[in-house]
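Structures given as structure tokens follow.
Shared between the two complexes below is chain A, which pairs with chain B and chain C, respectively.
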Partner chain A sequence: MMHLLPPLPVAGPLAVAALLLATSRLLPARVPDTVALLTVLLATAACVAMAVGTAATPLTYWFGGWTPRDGLVLGVGFVVDQPGAALAAFIGLLFAATLVFAWGYYDEVHAHFHVLMLLFLAGMIGFCLTHDLFNLFVWFELISVAAFALTGYQLRQSALEAALNFTVVNTLGSYLMLAGIGLLYARIGALDFTGLGRGVAAHPGDVVVAAAFTLLASGLLIKGAQVPFHFWLADAHAVAPSPVSVVFSGAMVALGVFGVGRLTWTVFADSLPVHAVVHALLLGLGCASAVVGGLMALAQRHLKRLLAFSTISHTGILLAGLALLRQDATAGMLAYLVGHGLVKAALFMLAGILLALCGAIDEITLRGQGRALWPVGIAFGAGGLLLAGLPFGILQHGLGLIDAAAHAEGRGWVGPVLTVGTALTGAAVLRAGGRIFLNLGPDPGFESRAPTEADREKADRPLWLMLAPPAVMLLAAVVSGGPAAGFAMRAAGQAMQPDSAHILGGPSLPPTPFPAEPPGTGLAWISVAVAIALAGLLLMRHRLPRRALALNDRVSDAVVGSMARLHTGRIGDYVTWMVFGLALFVVSFVLT
Partner chain B sequence: MIALLPWLVAVWLFGIGLYGIVTSRNFVHLIGCLSVVQASTYVLLLAVGYRGGAGAPIFYTHPPGTPAVDPVVQALVLTDIVIGAAVTALLLALALQLHKRRGTLDPDELRPLHR
Partner chain C sequence: MTRTARLLLFALSCLVLAPATLALAWHMPAFGAHPLPYGEAINAVATAERHVTNMVSAVNFDYRGIDTLGEESMLLCAVTGVSVLLRGARGESTRARPGRVHGQPLRPRSTAMTLIGRVAAPVVLLFGVYVALHAMSTPGGGFQGGVIIASGLLLAFLGDGYRTWRRIVPSHLMDAIEGGGALLFALSGLLGLLTGAAFLANVLPFGEPGSVTSGGLMIPINLGVAGAVAGGFAVLFGEFLEETRVELSDRPAGGDT
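Moving on to the complex of A and B:
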């Protein structure tokens, strides 16, 4: 029975999406909501069953019965391992929460939202489960096209402009990936991960393999919104409908980094030059993203744009965890991925509640307007503190594991740099929360010069229905610390040493032992303290003496203002930065 | 030298496509440049699968074992064309809507959010 499960969580949502689209004009109002939610829950249940059932050995499924003959892979297969299935299950839960949050939000559009969401989900689950590089690309494209449509289909003016930027930059990313796949196929003549891994092991220092990795990793890092490929993300998140932003930030961006990991662990497992570049360049890019995202988040006044930059910062932490290439760091990355997904999705939903009930999304316009919505304020503050690194729950376990692994690698600076990112994003969220819910901060600083826009979303949903999903997710992020970290450790072991003996055979990275003691909380408390102090300073700047205020303005303009000016919103600049990122890969391959 | 030509063409198309996107002053032109970048992936993939002196990978009239070009990359190119058509259509639709609302298609004047 179990061996028939793998295609279901992908095929089910695809089939239901087609049916919904065909019958959308005939169905009464609440039917698409119900059908979509049930489909998502069933797909999630299948993924959970697979995550439980693959603890010992992965589950293999060959489409059309094209099993390998004499060690030669002919067909396209899903190889479901525990990390892939668990990630797919998490994404399914996130979609279910989003559909509850968006209940009745899209009456006027004839189920198009639900159809696109189901396609989006199918793409993400397929991305997690597949074992074939070209198939991975197809799911990647399905994710992208669903995301483009979800961003722009409301046809508001800003949404159109951002959707254009988003589509052009991400389509370029797809073409980079496809070129990388072509190069690998030219050199190796295979497309499944195991065959590619063997081929790469036979040509470890090959220039074509290095070029293929550069193209594949750049394509995925565009989706993962890492510096210097990150520019599209803030524009797209800011204008997408709130339920869509929830899924973008909670799942789609993190999948880009997970994809880089998947390729590094399988296809490029035996290529030392690639590992050296991952170790050096991707670690650097991750740390840079953590800090740049944090600074940019601080410089925003559009609440969803602020949260989008904080997503860049936290995804940088994921990339840094991945780049350490150790089992404990990978476990930290997987735990952090889930924790960040929960907290960030909750914060986007809370921003959506403000947009629906207060009719604005601009932090300065909203000042004091949230006081009547105190439960939303409590959840918002809790989310901000968790992002800042409050040492309870899964986020702290993840970051602690990454920090400990970096120390063991002799790169003790990684933990403090990533903490700068968490402190800055935490400060940004807490400043916004203080202004909106506590009526603080009458005199805005540099954030008042940030781009913004008046926006509205449908307001006729009850508060409890909108508030329940984020509250549950924040609670889950707090209580699921220890067990989730243990699970992530086992899953990381499986991810990094794909037990491919049952497919074709082949060893991989050596295991690293589980750290003996739980991660320390010293750095976490410092991060929280800095975040609160910084938010306080920004909200209380009208109390500062005149000289201190002038100094504050000069420093903040030098640090934040110069960086904000780079984010022009002009597509040509974004593509120039992308080319710069490609050049970085080339330089680091030459140097290492 | 002749063997290298398709690879050079692919790199050239990729480069001029990106240059066009970076310097474009009209979204329709920009979308065209995106298609040029995509064409570079077609050339690359077809070059990957090319075998000198081989025919099309259709064995209806030829016996199996006749030299043929690699059908896998041709399937990849076909998928690529389909995706490219979908994305180009979506982009042109977005550009059309944008032109209706703003009356311009210059990327320098169109930026998300008020700045």
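Moving on to the complex of A and C:
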């Protein structure tokens, strides 16, 4: 039975999407909602079954029955392993929660929203399971096209430029990726990961291989919104409807980083130069993203832009975990990916509730407006504290594993740097929460200069229906710590096969023992304390003595203001930074 | 960022990237000397195994059929996205009037245009069907044929105007053809699962090499692609042509050109 499952979570949603489109004008209201939700749940169930069933060995599936002949791969294969299947299952759950959250919201357009969401889901699941580079690109493109369409869903004139920025930057990313695939194919003549890995092993220090990695990784890091490729994300989030933002931040961005990991563990598993660059450059970019995203989140007043920059920061933590290239760090990354997805998706839903019920998304406009919605406020505060690093649950397990791995690698500075990111993003969310739900902060500081927009979404659903999915997700993020970390550890071991240890030049890595107790919580409490203190300082500005206020303004303008001035919203700047990012790869290959 | 800063950063990056690109070009496999084990293997086996003479179709619809299913969905997604972005259904009613640029008169269509449209449309349609049907034996196939079919439909607009075009190309029918084509592709893949084989396994008789009926499962897949592409492009044209109409609420119904 298991061996029949791999194509179903991809082909099923595709078929249902086609069916919904073909019959869209005949279907009564609520039918697309129900059919889409059922399809997502079935696809998720198939992914869960595969995640459980592949504990011992990954499952290989050849489409069309084209098993390789004499080592030559004629068809396309999926290799379903635990990390891929579990990630696909998590994404399925996120989609299910989103469809519940958006229940009945999209009545007017002939089920088009549901068609797009199902295609989006199929692309993401295919991306997680595939074992073929071109096939990976096909799903990557499907994800992109669905994302462009969903972003523009409520397109207004003022938002056109932001949506266009998103489309242009991500399409350039696709071009980079396709060029990288072309280079590898020209050199090796294969497209499946195993064949490519063998080919790369035969030319480990080849310039063509290095260039291919540069292009592939840049394309994926654009999707992963990492410094200096990150500029589009906040623009896209600011215009996308909130159910779509949930999926963008919860799943799509993280998939970019997972894709880099997938290629590093398989195709480039035997290229020492590539691993040196991952170890140096990607670690640096991850840490930079964590800090830049945190600072920029603090500088926002548009709640969805704020959360978008916090996504950049937390995805930076994922990239840093990946770049350490150790089983425990990878396990930390996978755990953090799921935890961040849950918490950030919940926060975007809460922002969506404010959009629907209070008719605004601007932190300063909304001040005190949320007092009647105290359950939303409690959830929002809990989400902020979890982002700040509250030492309960899966996020803390993930970050603790990454921190411990960095220490073992002799890079003890990584943990504290990433903690700066969590403290800053936590402070930003807590400041917004304090202002909206507690009526604090009458005197806004630098955030009042941030871009904002009057916005609203339809208020056609009861509060409990909108509040249930984020509440469940926050609860899941808190209670799922230990078991999830154990699962992530096993999954990371499978993901990094063929044994990644020799990549780093050392002998085979000893299997990292499952952490008996949650990792150290000292750093986490410091992060939470800093976040609360910072949020308090920003909300109590009006109580500061004049001298302290002047100092505060000078410091914040120097740190946050200069950063904010780089985020211009102009496409020319974004592309320039992208070219700069490519140059960074080149420099890094030359130096390492 | 100021213009100068941007140009400076760009120039600096290019200074790094240019020698890297040159080094890459230098190290690329020599022209024509690529290892091409895949193409050679397909050329060697496809005719014997699948009774087809167009290797590109064999790769697209059989050996790497799942890629094509993904690409088909991408087209579906892009067209649906355009419908969502441009929606407003302003011209779905045939009473909608053409919009006009201020100060420019709407000229009536010449009879020559109508004649050319009426003569060419059926020929183009027939050619599209021909290209689509001969996917497995000659260059072409559902993608190319589908686009030609959709252009044939568009000729009806050029020759006979928006309202006639709306009548012969109703958007719900095009939606159905587009979605139905993609569904046919996906269901063809599931056919293999029912017989216990893999998804997209070719479980139909392969037919005579060089004939229209060769290729087994590739036939319904090709038809599905043709439908999805023809329907998709027709929907796309429809969405853009609707943009030439004035919204019904803006003006009372009037004459068409």
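Methods note: the second predicted complex is superposed on the first by the 569 of 592 C-alpha atoms of A that agree within 3 Å, B and C clash if a C-alpha of one lies under 4 Å from a C-alpha of the other, contacts with A are read in each partner's own complex, and residues count from 1 in each chain.
As a working rule, a residue touches a chain if its C-beta (ideal position, glycine included) is under 8 Å from a C-beta of that chain, and two chains touch if they have at least 3 such contacts.
These numbers were taken from a predicted model, which means no experiment stands behind them.
Contacts of A:L4 after superposition on the shared chain: chain C is touched, whereas chain B is not.
Judged by the touch definition given at the top, the superposed model places A:V208 against chain C, while chain B stays out of reach.
In the superposition on chain A, contact of A:P28 is made with neither chain B nor chain C. In the superposed model, A:G410 lies in contact with neither chain B nor chain C. Of the two partner chains placed by the overlay, only chain B lies in contact with A:N165; chain C stays clear of it.
Of the two partner chains placed by superposition, chain B and chain C are both touched by A:V145. In the superposed pair of complexes, A:P545 makes contact with neither chain B nor chain C.
In the superposition on chain A, the chain among chain B and chain C reaching more residues of chain A is C. By the touch criterion stated above, A:F134 is placed in contact with chain B and with chain C alike. Chain A residues 134, 138, 141, 145, 148-149, 152, 155, 183, 186, 191, 568, 570, 572, 576, 579 lie at the interface with chain B in one structure and with chain C in the other. On chain B, the positions that touch chain A within their shared complex are 10, 14, 18, 21-24, 27, 30-31, 34, 37-38, 40-41, 44-45, 47-48, 72-73, 76, 79-80, 83, 86-87, 90-91, 94-95, 97-98, 101-102, 107-108, 110-115. On chain A, the positions that touch chain C within their shared complex are 4, 7, 11, 14-15, 17-25, 61-66, 69, 72, 74-76, 109-110, 112-113, 115-116, 119, 122-123, 126, 134-135, 138-139, 141-142, 145-146, 148-150, 152-153, 155, 183, 186-191, 206-208, 211, 565-566, 568, 570, 572-573, 576-577, 579-580, 582-583, 586-587.
Contacts from chain C toward chain A in the complex involve residues 1, 6, 9-10, 12-14, 16-17, 20, 23-24, 26-29, 34-38, 41-42, 45, 62-67, 69-71, 73-74, 76-78, 80-85, 87, 172, 175-176, 178-183, 185-187, 189-190, 192-193, 197-202, 228.
Contact residues of chain A toward chain B in the complex are 134, 138, 141, 145, 148-149, 152, 155, 157-158, 160-165, 167-168, 171-172, 174-175, 178-179, 181-183, 185-186, 191, 235, 238-239, 302, 305, 451-453, 568-572, 575-576, 579.
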